[in-house]
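To keep things simple, chains are lettered A, B, C, D, E and F as they appear, and every chain counts its residues starting from 1.
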Amino acid sequence: MFMETAIDTPESKYEILPKTLSNGEMDGELLEVAMGPQHPSTHGVFRMDVVLDGEKVVKLKPVFGYLHRNHEKIAENTTYLASMPYTDRLDYLCSMTNNWAYALSVEKLAGLQPPERAEYIRIITGELTRLVNHTCLVGFLLQDMGALGTPLMYAFREREMILDLFESLSGSRMMCNYMRFGGCRVDLPAGWLEQAKRAVDSYSGFLDEFEKLLTENEILVARTQGIGVLPPDLAVNASITGPMLRASGVNYDIRKVDKYGIYDRFEFRVPLGDHGDVYDRYMIRLLEMRESVKILNQALRDIPAGPIVDPKAKLRGFRPKVGEAYGRIEGPKGELGFYLISDGTPNPYRYRVRPPSLINLTVLEDMCLGQDVADVVIILGSVDIVLGEVDR
Amino acid sequence: MVMETLEQIKARIENAISGAKPEIIPNESPSAQRSLLLDPAHAVEVAKFLRDDSQLRLDYCSNVTGVDWLDLIIKEKVKVKKVVEGVEKEVEEPVERKRPGYLEAVYHLYSMALKHGPLIIRLRTENRADKNHVPSLTPVWRGAEFQEREIYDLYGIIFDGHPDLRRILMWEGFADHPMRKDYVEPDDYEYEPTPHDEVLEKTKQHHSPEPKP
Amino acid sequence: MLGEGIIKGMVETARNFVGSYSDPERLTTVEYPEDKIPAKENARNFPFLVYDGDDAARGLRCVACQICEKECPPKCIYIVKSKDKKPDYIGKPQFYPAVFDIDVSVCMSCQICVEVCPFEAIKMDTEFELSNPDRFGGLLQDKHRLAKSNEYYHKIHETEAAEVDARLAAEKAKAEAKARADAEAKAAAAAKAATAAATPKPAPNPTTVAPAK
Amino acid sequence: MNQPDPYLVIVVFLVAATLFAVAPLLLAWIWARTFSPRKPGPDKNAIYECGLESKGDAWVQFRSEYYLYGIIFLIFDVETIFLLPFAVAFTKLPVGAFIAMMVFLLLLVEGLVWAWRKGVLKWS
Amino acid sequence: MIIGEFFRGLFLMIWRVATDQPEAKADLLAVFPPSARPVISAVLTVSPIIGIFATLFALTTLLERKGLGRIQNRLGPNRVGPFGILQPVADGLKMLTKEDIIPRSADALVHFLAPVVLAVPTILAFAVLPYGRNLVPVDMDAGILFFFAVGASTELAIFMAGWSSRNKYSLLGAMRAIAQMISYEIPLIISSVSVIMIAGSLSPVEIIAQQGRYLAGGFVPHWFVLTPWGLAGFIMFLIASLAESNRSPFDIPEAESELIAGHLTEYSGFKYALFFMAEYFGMFAVSGLAVTLFLGGWHAPFEFLEIVPSYVWFFAKLMGLVCLFIWVRGTVPRLRVDQLLNFAWKFMLPLSLLNLVVAAVWHFTAAWEFPGAGLGRWLLGAVMIGVPYVWLGRALSGSKKITQRTYRFAD
Amino acid sequence: MNEGLRSELSKQGIFTTTLGDLYNWGRKNSVWPLQFGLACCAIEMIATTMARYDLARFGAEVFRPSPRQADLMIVAGTVTKKMAPQVVRLYNQMPEPKYVIAMGACAISGGPFKQGYNVLKGIDRFIPVDVHIPGCPPRPEALIHAFMTLQKKIETQQLTGVNRPRHLDAEAPSEFPVPKFGGHDLEPPNNPAVWHAPKLVREP
């Protein structure tokens, strides 16, 4: 609605280096505006230096580092275990998947194998985290679009339900610090599975409600379709991962590619978009949530009894052999990887987080050029960043 | 799809690009992720080969990171033939060898087209002080743009050919490269109510706040 | 038709509006200071020290082994070991913390101190109403403020506390049996006085990873 | 005659409205004078820009799009002014007058269509 | 003696107003010397209106916060006074005592004048609305014209606010505000022209009088909204008035998520409150006009309900519209500025012009006298406005239809 | 305000006390926070305004994006050294009376990240903080509790006299110097006028 530009067909040849629109024939002076670090819709302390020609963006430079908390440096000065709670605070919406990625990398480094039940618990908590993340993202995206809190409130209502599950499992709402090398910290408390089943069952209803509220809303359609188009070849070259990549139509889901954990046992599909615009990114997330619900239903049905920790795992005095490992998972925001180098001491020699949020921002300027200021915030919203992970 | 072994890749690189001498870096840990060390002179060419080769098609540069290796004194025992009391014997003798430090950029490559990986390539600077240049691979993989900037910021590796090499996380005007192993932190947390001895010890080496002019 | 989607959305919000008067699912507010969401069994916020019996000073389980101090990721625990010893719950003389400070303004509620503690001495509290205008007076907690009774522990973490108590009782019984056997052995070999007994081996907590032996 | 002159009421309305708007500002000023002193400062009275120091001037020459809308507005506003007397008289007018008015309207619609086709209404 | 007369007059006035009687002020005015009577009379008219709308403003902010809360599954303010009723009072007190900051580089005089210039015309617009059978502050022949004339000056104030702040966000907000408000001014006026055509008068009193009849035994009011052109005009009037009062989804001048607070960014203390208040006053004024033009003003929906005092109906209808505004605000996201302007020029303007034709046809077909003529007229009008609506709606959405996209799935 | 004090004041003039009470009541019930989140705690801050906890009940859901209309700055999350000047500037740009809640470990003391080279060890090094909430992140209820603590604090403040709050004192500063970026650290690393490093007293 309200829009005349047809969707740009993805160009076959991308330009690798970032480009800036020239102000050739345009009239009026340029206006340099800083959006952020304190700005209602930069999702934290992100800053974009935007050059505007009227309302059009002719240049956009992201500025990072306002939340650079030295996670990697701190981790290199402390033990492997002590970094686990710090990973919670990387992408603070999805602590479980962060835990998982780190645990997976350390398990690769030290040769540990979590038992089956632990793998199931990881999948359950991981997919719940995906639900939380995507729900919040959609809420925040609508907030950026100017909906007065209602979608965000509904999103957080559902989030609270899952946080309740996390709290009764791990003790904390957000910072679960739940996974351990070779397994999980505690077993599921009594009644947890039933509670989780109830939550998952009601989730489809919530998704229906949400779609009714928004998906067909003309304003949303008009605001998102054809905005922030990301062609697939640029997406691949710029290392975009996660829903954003799949919205551009590239079939790459690490759950399918690496089959880490026990993802090969579950039946689920990977939704792909054809346009790579904001609307596709929004819809891909909604569709992914429906797939997550499917995975959760299977996992909650099949979870076996048994131990939850690899008996070889040590809590104190954990010293992996000299070497290095890179482990990665399909986080809700994209590929979340940890690269670890061990020198045989209790502390990692090099500890590196591969932050999907940061790398997905590589193409922010390419997507925003020529769009309006109002589009910039929703394009940023559709990228789905969390500053804790962008700046670490 | 299974990727070729590192040896095969190495041989094909050597065939395709004359002068390139990739070196396989072993990895003893259970992960067994070995890597290829590229020489800076041919790195961009090799990278393009890796990206465009039809069997590899490593079109996706997942992770780029820096590593700081300090000067290291390696103590080894070397067997030396010596004449001891008139008899030639093989004697083990401790030898100290200084390995100069260097900075390293590590790239993890995957293929989205063929769904395989990782191939890990490494680039090394000559030393940690002045000869800290390596070629930038951003023109090959745009995804390396911010990560190389980050390495420049935190480790001080200068990537030649990077389109926009500025500090990314710290502010302009910051003097140090804080992720280096020998970085000295500013003196500002000795007031914590629960200071530990090592913390107090550490604060003594800190930069003191610079005197006001 | 134009406007259809908006009307659908408005129907949805109207449903929530009307529902908020009849359906508790659609009015999720818990009016905090009056009503509280019951704390979850596993909930954790800040650590406290468990003591047995009535006397907080004498019954403290902590033996100032300083493992938690070392393992604490943000280093918010500060312990000074006592000079003298006092008997612990099985009567064995142990050190106790002369100073045990936790700066809750630093604590990240990660529970690692609880996991690594071999003596079941530090546990997580569910108390969160700690906001205070005074940072140091209000938030730097010493051992007097940290000490809370075993009954309190039972109140907040029922299942877990029962397990811990059972384990401690079993240990105590074992230790007493051992002490009796030792005493008999001592009586048999009256010449020797065995005072240096090994520290009691803690039973691994079944819910946590077994600590290294 | 109890109904006062409508314009007198309007004048009183104007005065009252102005008082209503200014009185609280005055009250706030008195409060500030008496109890809570205003404390201007170089930072506080600087332009807000997301916590950064504002660079460059905000008073720039702006793009022409906004002005184009302004011009079309003028045309149509004048048109509506013409419409009003016509509308008041409409019920007393014959069909012919209505058709004449429609011709006038059509001319304006043509202007709108022209502007539309010309791309004036398109935000480039 | 005089004091007794005064209170008697006051009491009689209140009683007469409450019971819908004419000449409410007569006895009270008799107390005063004749030369002072016109002014006193005017003051007696003006002060209750401002007082009532100020109270209504306070209540509406609370209503909005609570209503939005309910839409969002929560309670909303309920702690300050019983049911949170004193929340607006606390807010007002706070704003009064808040420090006032004028940016150093701003144009201080314009910065100060802007909120006043905004608040005064919005209050003036209340002058011409008939609140009840005998409650018309100013019975002007050109009342509607006066209303639009004062309403138009608010645009200037918002631009003054944005420009004088010398803040980049404010400037963008001001530019947007100007573009938006002038664009919606025209559909707003044209959609009310259809009513003026049929009523044949610019006087609000006369327009309401035209809607005072009842059909079908007193159960169908003769409101203009119940005609095809009236319904279309009403909807367009509402949309345009949403835009004119900068309410969501047209709140782009202060677009929080992009422009911080747009033209309000640099305003603090009670100046900000004045803007806030003016927004609500503007909303009341346009809702009041919508009630007058389309919803039969102070007339009851059914004839037998006319015994209820007329002003009750007026304010009930007004608050109904305000609630609708709040409801819309709680549901929809915001438009982008170019879409908003497109919507005004390419959808609202053609449709509102067309609506004039529909109204004319309605007028000319009034003479139809065959069985089912009423229904036929209705259908003709509905088709005349409905078909272009669908067609323009399609055209506006470009070539693609508003249907869900299909998505591929990879296994 | 306790009874004794009230009667003492009423002797001097009841007007002052009631006006002061009204003033305190007004500003305590209408605390509008600045829409300003830094890190993890910001999510819990948002959660506090959401349906389950509903900060709106206290009239505080009006999160203003512009500091000009805000009363309360909730420093929710880690203040890095790169961010600190901006935080101080935002605080400076808020009109009086203004309050600061340091939410979460990071804002109070640097928290778990205090060992980081780019992390400010507590926002109270540069601006005065009214209420501290420990926790990482604090539960939404804890934020509400802190909010009520702040309300209690406002309640006890006097309109006149020596104990009047900072913003009513013409001499007290309303803005604090913004630190500059230095070669190794912020310059100065703390503001001695605001921050007083405590003396460590340890009883054995």
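To be clear about the criterion, a contact is a pair of C-beta atoms (placed from the backbone, for glycine too) under 8 Å apart; a residue touches a chain by one contact, two chains touch by 3 or more.
Remember, predicted model here, so these are calculated numbers, not experimental data.
Asks: By label order, what chains touch chain D and chain E together?
Replies: A, F
Asks: Would you identify the chain whose Cα-based centre sits farthest away from the centre of chain C?
Replies: Chain D.
Asks: Tell me which of A-D and A-B has more C-beta pairs in contact.
Replies: Pair with the higher count of C-beta contacts: A-B.
Asks: If you average the Cα atoms of chain C and of chain E to get two centres, how far apart are those centres in Å?
Replies: 60
Asks: So the centre of each chain is just the mean of its C-alpha atoms; given that, what is the distance between chain B and chain C in Å?
Replies: Using C-alpha averages as centres, the distance is 42 Å.
Asks: How big is the gap, in whole Å, between where the Cα atoms of chain D centre and where those of chain F centre?
Replies: Computed value for the inter-centroid distance: 40 Å.
Asks: So, what's the distance in Å between the C-alpha centres of chain F and chain A?
Replies: 32
Asks: Among the residues of chain E, which ones contact at least 2 other chains?
Replies: Chain E, residues with two or more chain partners: 71-75, 95-101, 168-169, 171, 256, 260, 265-266, 269, 330-332, 337-338, 342, 393, 396-397, 402.
Asks: Scan chain D for residues touching two or more other chains and write them down.
Replies: Chain D, residues with two or more chain partners: 35-36, 39, 42, 44, 46, 48-52, 58, 60, 62, 65-66, 123.
Asks: Among the residues of chain B, pick out those that touch two or more other chains and give their numbers.
Replies: Residues 169-171, 178, 192-193, 195.
Asks: Going by the contact rule at the top, pick out the chain C residues touching chain E in the complex.
Replies: Residues of chain C touching chain E: 1-6, 9-10, 12-14, 16-17, 20-21, 26-29, 31.
Asks: Residues of chain A touching chain B in their complex?
Replies: 16-18, 64-65, 68, 70, 72-73, 108-111, 234, 236-241, 250, 252, 257, 320-328, 335, 337, 339, 341-342, 349-350, 352, 354, 358-359, 361-363, 391
Asks: Hey, which residues of chain C end up touching chain A in the complex?
Replies: 2-6, 8-9, 11-13, 16, 28, 40-44, 67, 71-73, 108-112, 115-116, 124, 159, 207-212
Asks: Using the touch definition from the top, list the residues of chain A that touch chain D in their complex.
Replies: 4, 26-39, 47, 53-56, 372
Asks: How about chain E: which of its residues touch chain C in the complex?
Replies: Result: residues 67, 70-75, 327-328, 330-332, 389-390, 393-394, 396-397, 402 of chain E touch chain C.
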